[in-house]
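Same chain, two partners: chain A is paired with chain B first, then with chain C.
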Partner chain A sequence: MADPAEPGETIGLLELEHVSKQFGGVHALDDVRFDILPGEVLCLAGENGCGKSTLIKIISGVHQPEPGAVMRFAGQPMGTMTPGAARALGIQVIWQDLALFPEMSVAENIGFERNLGARPRPVNRTAMRGAAQKILDRLGVRLPLDAPLRTLPIAQRQIVAIARALVGEARIVFMDEPTASLSQAETDALLAIVRRLSAERIAVVFVSHRLAEVLDVCSRVTVLRDGKLVGTFPTAGMTQTRLTELMTGKSFDYAVGQRDLAAARPVLTVENLSRRGEYEDISLTIRAGEIVGVTGRLGSGRTEFALSLFGMTQPDRGTIMLDGKRVRFGSNRAAIRAGVAYVSEDRLQLGLVQPQSITDNTVIAVLDRLLGPKPLISGGKRDALVDDWIRDLGVKIGRKEDAVSTLSGGNQQRIVLAKWLATTPRLLVLDSPTVGVDVGARAGIFAIVRRLAEQGLAILLISDEIPEVYFNADRVLHMRDGRIVGEYRPAATAIDAIEEAVHA
Partner chain B sequence: MTTRSIPRPGERGIGRLLDADVAGLLLLFVVVVAVFGAAADNFLTGSTFASIAFQLPELGLLSLAMLMPIISGGFNLAITFTANLSGLAMAGILHAGGGESAGVLFILLGIAAALATGAVVGWAMGAIIATTGAHPILVSLSTMIFVRGLGEFLTRGGDISGTPQAVQAIGQGTLLGIPAPLIVFAAAVLVWHVLMSRTRLGFATRMIGSNLEATRYSGVPTRRSLTLVYTLSGLMCGLAGIVMLARFNSVRVGHGEAYLLITVLACFLGRVDPFGGFGRVLPVAIALVILQVIASGLNLLGANQHLATALWGGFLLVIMIARSVWAGRSLHRMIGRR
Partner chain C sequence: MHRLGIGPTEGWLLVVLAVMGAGLGVLAPGFASLPNLFDLLNVTAVNIIFGVGLLVVLIAGGIDISFAVAASVVQYVVALILPWFGGGDWALGLLLAAAFGTLLGCFNAFLIFQFRIVSIVVTIATFNLFFGLLMFFSGGVSIYDLPEWLTTRVAVIGLDTASGRAELTLPFFVMLACVVATWLLLRRISTGRQLYALGDNPDGARRIGIPIGAMHYLAFGWLGLMAGIAGLMQAHYAEEVVPNALYGRELDVLAAVVLGGARLGGGRGTILGVLLGVLLVAVTQNGLNLLGISPYAFKMIIGAIILIAITLSSEGVGRLLGGWRAPARRRAV
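Then we have the complex of A and B:
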């Protein structure tokens, strides 16, 4: 991204100094400085709980900073902020959940704020549609104005949320994890919109866990850690590894796998597996102790293939062999019995029963082994199993009885792993295991995964983050349109080559 | 934070039963009894206890039938008519066996028929819900209409009466001074408590109530479990049908119809989550006792029949408000709740 600030421009759009915020004695923010220029694209980076959200909430008037904070907007002191005052200044926030109305049309969602008011007055539909169309034109996108929002894919809803922010004459837009659920192509489209906003001299603050795109689109990155400012750095010359270190305060050594597993016994052998409309002619072998990575864009058929390995769907053609024996799974229960475990990409909806307890989520797949005197579940056996796994995987919890939803993404994913490892699987399928997991916690998850492989587990690792598969897998398969179109050995391939092939 | 291994108070044995939910409801029970005891001098007597003990089990058994479907995230709106149909099956067999002079064989056959009828109705409902994914309210409502129509057709809208002494004893007799229906109810509560808290089915019921798909992905047989939940619900309706037949010495389609919504209320008062996933048997049992005490107390105060109903409703509203205020203050209880 070219430097958007014009030469000689010195007045920042938004300048904050000495911003602190305490919640019940805990420093959520401690003497933070933040500034952004008009039209600049800046990244706000840091792990969950580092204070990013608190900072955004202070800027947008949701929270008040502690006394002593200095906040200036376009050179003028901001005074006491309220959400309304922030919007009047042109500060817009697009939260990750978008806060749109699924049953209302695209135009109604975009024009929502115009229709706010205490007194009822008629809605001018024509004007509303016209205004919505104008903004979409500005963004260079076409959307069906009258379609109910719920019929739109998530990427287009994101655009609706951006369009709504622009209705209020935005001068600075905060985007909270805007690309978390987008495919690469959709992400590229969104980043193009971000560049357009920048060209219109609207500043964009990007909050994202995807470091590659952060470095791609932003000119500077402000890093927070534990409520404190680590620093603001230009992205030129910044690497993902360095950024990770700044965010976590730890250094990670990345090294590609060099293990030779050709002699190990094959655990999974798939031959010519096909399922109409989902995947075609997949053949692969995973040996004991091997991590095979699968990457490719969303819709490449990788999750569909994984679901067939897990027995959720049945292939039309081809064979699956587990430990040399041909298997056909009528259900996922049959697959689990045969030793297949599947960590879903959708942890919120499919991976865990979120409102239920940590204990229950850990033992849900192995109840049969917890029976005391049949048919009763033994509380002692259950607690012992849960304690063992929590210790073994280093899960940080409060109380075992707490809802699993109270845990951080990384700890939730450890509970998912515990649930499946308790079934003593032979094949572990990990589908995008780090979605919604902090950068620092990701390293912890992969440390566990590599340890499991060393213990002889066969692992299929699916991810659209190429560095993840590159640095963790022994082999990387590239899927596109339901087929395997490439195979790489990280030890013998540069990561750029894989990235080029996948994003081509 | 570290994993604690030392059991805290309230985690083990009797302490686990006397947690915040149960303790709060017991407190409410004491308050209710004290209020009525002060308001009516003839309240704290054996006859009040007897009237409560004979009336509670019908509502109680039906509430147990409602409990499991609600925790599984559904509803069973057909409970009262399923109970009627079950009672009808038993009454029909007793009638064939000589009515009031029917022998032991016919009595046992009749009981089996009642339980089987309830279970079959529940199974059909559960199978439809589990395989089609249709909303339980719609399925059970349709079942209710079907069962009610079938019952009315079979009885031509009238009632079947006349059961042997041994059957009437189930509804009206006492054992060691304890009313027989209360014993039946207590046994049912115990079985349901163990079922919900200690078995795989009880576990699956809670998980399904929170998120059916995530539960299925974890390898829990969700279809079988859901079918079983409604089958057991129907079985409990069968038991309720037997007790109702025994208590009134007759069965009529539509009897106990008004209990339907009260069973839902009892479940919610007993801290069952209306959206499924959470709920335990013992708090519901205590809630039932409280509801029955209020009803009997108002009766005893000599309130006008219709006014008593209004007062009962008002009392419930007060309890709901008090409960939410109390729950809001107690942070511990919010954890794990939506």
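Then we have the complex of A and C:
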């Protein structure tokens, strides 16, 4: 990124000092400083709950800061902010859920601001369409203006949200996790748009858990931790490791596994397993206490293979042996009985019943073991089991009766793990366990996974983030087009070699 | 097609209606005659007025069960009050009906918005409340002693045809006015687009700055207004006020409106769809009468039509034919 500040320019677009915010005595923000220059792309980084959203809400007028805050926009004091006042200044926020209207046309979504206001006005569709087209032209994007938004893929809806922000003559755009559900190609296209906005001297504040893209697109990164400013740093010379340390305040031990498990008892042995159109001729062994990583690009067949291990699909050929006994799973219930646990990729949707309590989610797979005098569930047994797992996995909760939806991503992930571990599995399959989980919580989850392995659990870890498998698995398998095309020992291989092979 | 506002649902209903019309024209003597068709329109007017009102609420993401009994309350109250004004006239009658109807609608909006209760729960309660109060205070007694202007048939257009006199009467034209007004509100006025937005994505609507409370009063108030007018038209057509005459009508209207493509849950639905949905039900009933089929069969056939229509809507056809026409994916935004 070119230096956004032109020579001689000293006035920042937005300058905040001494911004604090308390919610019921808790400091969500404590004396934070923040500034951004016109056209700058800046990253706001920090773990969940560090105060990023609070800061964005103060800037966009949703919350008021505590007295004593100094806020200037283009050199002028901002006064009391409301969402309307913020929009009038050109401060636009694109929320993670986009806040668009799926049934309406693309044009109406982009130009919806024209429909706002208490006074009824006639709707001018032609003008709305024209304005929408002009903005899409400016972004260099073509979209079907009359199509209902719901027919567009998520990446294009993202662009619609950006276009809507630009209708209001945006001067600074906040993007909250814009790439969370985008593929690599879609992310690249989005980052190209971000650069375009920057070239038009529109400032962009980027919130993202994907540190690589943060370092790539932003010129500076402002790091918050526990509501306090850690600092604002240039991204030149910044590494992902350093940034993680700044965000979490901990240094992580990125040592690769050195254990030799060749003598351990095999738990899972798969021979020549194939399923037409999904995966081909897979053979592998996972020993007790071993973590085997599987990586490869989307569509490499890794998830499909895992689903067969879990009995969701049946292989056409080949054998699966658990603890030396050949097994055939007609359904996932048979797999669970045999001691296989599977944490799915889309765990927040498929793995948890969000509105139900932490307790109910934890015990849902083992209800039959909680029967007191039949046929009733024993409350005592249930609570004891839940308490054990919450303590064991270090889940941070308020009360066990709270809905799972009240927990952070990292803690929800631990509840999913607890649910499966309660089934006392012998083989644990983790499919992309850290999607949507921030860096600090990731480290915590992998610490748990390693501890489980040391207790003798066999673990299959699937992830498209190579560092994740490299630093946590004892062996890494590379899948491409449904086949295993490479096997690496992190202890004996450089991470670059694996990355090169996978991305080739 | 799309430019005329004819979506897949509307197109489908038009085809069915045309096929049915042609079939009845051949099979049922008298169906295709002008007097019968005009009369069909006069009778259907009340349900269409209810329908466009309900559409506004459905689009905004709500539902209302109470509007038909609210219309009964309005009828009764207006019939009781009119003598105080020496009998009044059409202008006063419409004004009173509109005012009381709006008031009852706003009462629903007040409960739903102020106490954040789901609209179906509130309106089931007010349905019972309105109807209970009406039956309690009226003792179930009908009013036959209505002002003369209210019970006199007003033929706006009258034609003499070979099969008798064909007349389009006042309810039809009042219905036209209600349809046009609702269409303007929903399609041509910025406020109506806010209603769509609210039903489509309530969080998004709040975030972008749409006044949620005002939208509730507008939607339920509008349905109340329409219900009041429809109630007066029904009394005019029946030439009497029977307290339980409209009891149960809410489900007939709701079914017809949903048949017309409005989505329970908000954000989707068109005026044309309501017209076609209500007309389809009315034509079916009319046809069955003319064919001499037992009126007991009517409900059964309407139920079957609705089931067939909603399973064979454009997305349903796609599912039936497998991957040939991929069903539209709907993802949360």
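Assume the second predicted complex is superposed on the first by the 423 of 504 C-alpha atoms of A that agree within 3 Å, B and C clash if a C-alpha of one lies under 4 Å from a C-alpha of the other, contacts with A are read in each partner's own complex, and residues count from 1 in each chain.
Just so we're on the same page, a residue touches a chain if its C-beta (ideal position, glycine included) is under 8 Å from a C-beta of that chain, and two chains touch if they have at least 3 such contacts.
The structure presented is a predicted model; accordingly, all values stated were derived computationally and were not measured.
A.B. asks: For A:99 in the superposed arrangement: first (chain B), second (chain C), both or neither?
C.D. replies: second
A.B. asks: By the touch definition at the top of the document, which applies to A:84: first (chain B), second (chain C), both, or neither?
C.D. replies: second
A.B. asks: Just checking: does A:151 make contact with chain B only, chain C only, both, or neither of them? Give me first, second, both or neither.
C.D. replies: The answer is second: A:151 touches chain C but not chain B.
A.B. asks: In this superposed model, does chain C or chain B come into contact with more residues of chain A?
C.D. replies: Of chain B and chain C, more residues of chain A lie in contact with B.
A.B. asks: With the two complexes superposed on chain A, say which partner A:112 touches: chain B (first), chain C (second), both, or neither.
C.D. replies: Second partner only.
A.B. asks: Quick one: is A:501 in contact with chain B, with chain C, with both, or with neither? Answer first, second, both or neither.
C.D. replies: neither
A.B. asks: When the two structures are overlaid on chain A, which partner does A:364 contact: first (chain B), second (chain C), both, or neither?
C.D. replies: Only chain B is touched by A:364; chain C is not.
A.B. asks: For A:141, select first, second, both or neither according to whether it touches chain B, chain C, the two together, or no partner.
C.D. replies: Neither chain B nor chain C is touched by A:141.
A.B. asks: Go through the superposed model and pick first if A:284 touches only chain B, second if only chain C, both, or neither.
C.D. replies: neither
A.B. asks: Looking at A:123, would you say it contacts chain B, chain C, both, or neither? Reply first, second, both or neither.
C.D. replies: Second partner only.
A.B. asks: Mind pulling up the chain A residues that touch chain B in the complex?
C.D. replies: Those residues of chain A that touch chain B are 312, 332-333, 336, 342, 344, 349-357, 360, 364-365, 367-368, 371, 375-377, 387, 390-391, 396-403, 406, 419, 423.
A.B. asks: So in the complex, the part of chain C that touches chain A is made up of which residues?
C.D. replies: Those in contact with chain A are residues 2, 187-194, 196-197, 200-201, 203-205, 207-211, 214, 267-268, 328-333.
A.B. asks: Which part of chain B faces chain A closely enough to touch in the complex?
C.D. replies: 1, 3-5, 194, 198-200, 203, 206-207, 210-211, 213-221, 277-278, 335-338
A.B. asks: Can you check the complex and tell me which residues of chain A touch chain C?
C.D. replies: 83-84, 95, 97-104, 108, 112-118, 120-123, 146, 149-151, 154, 157
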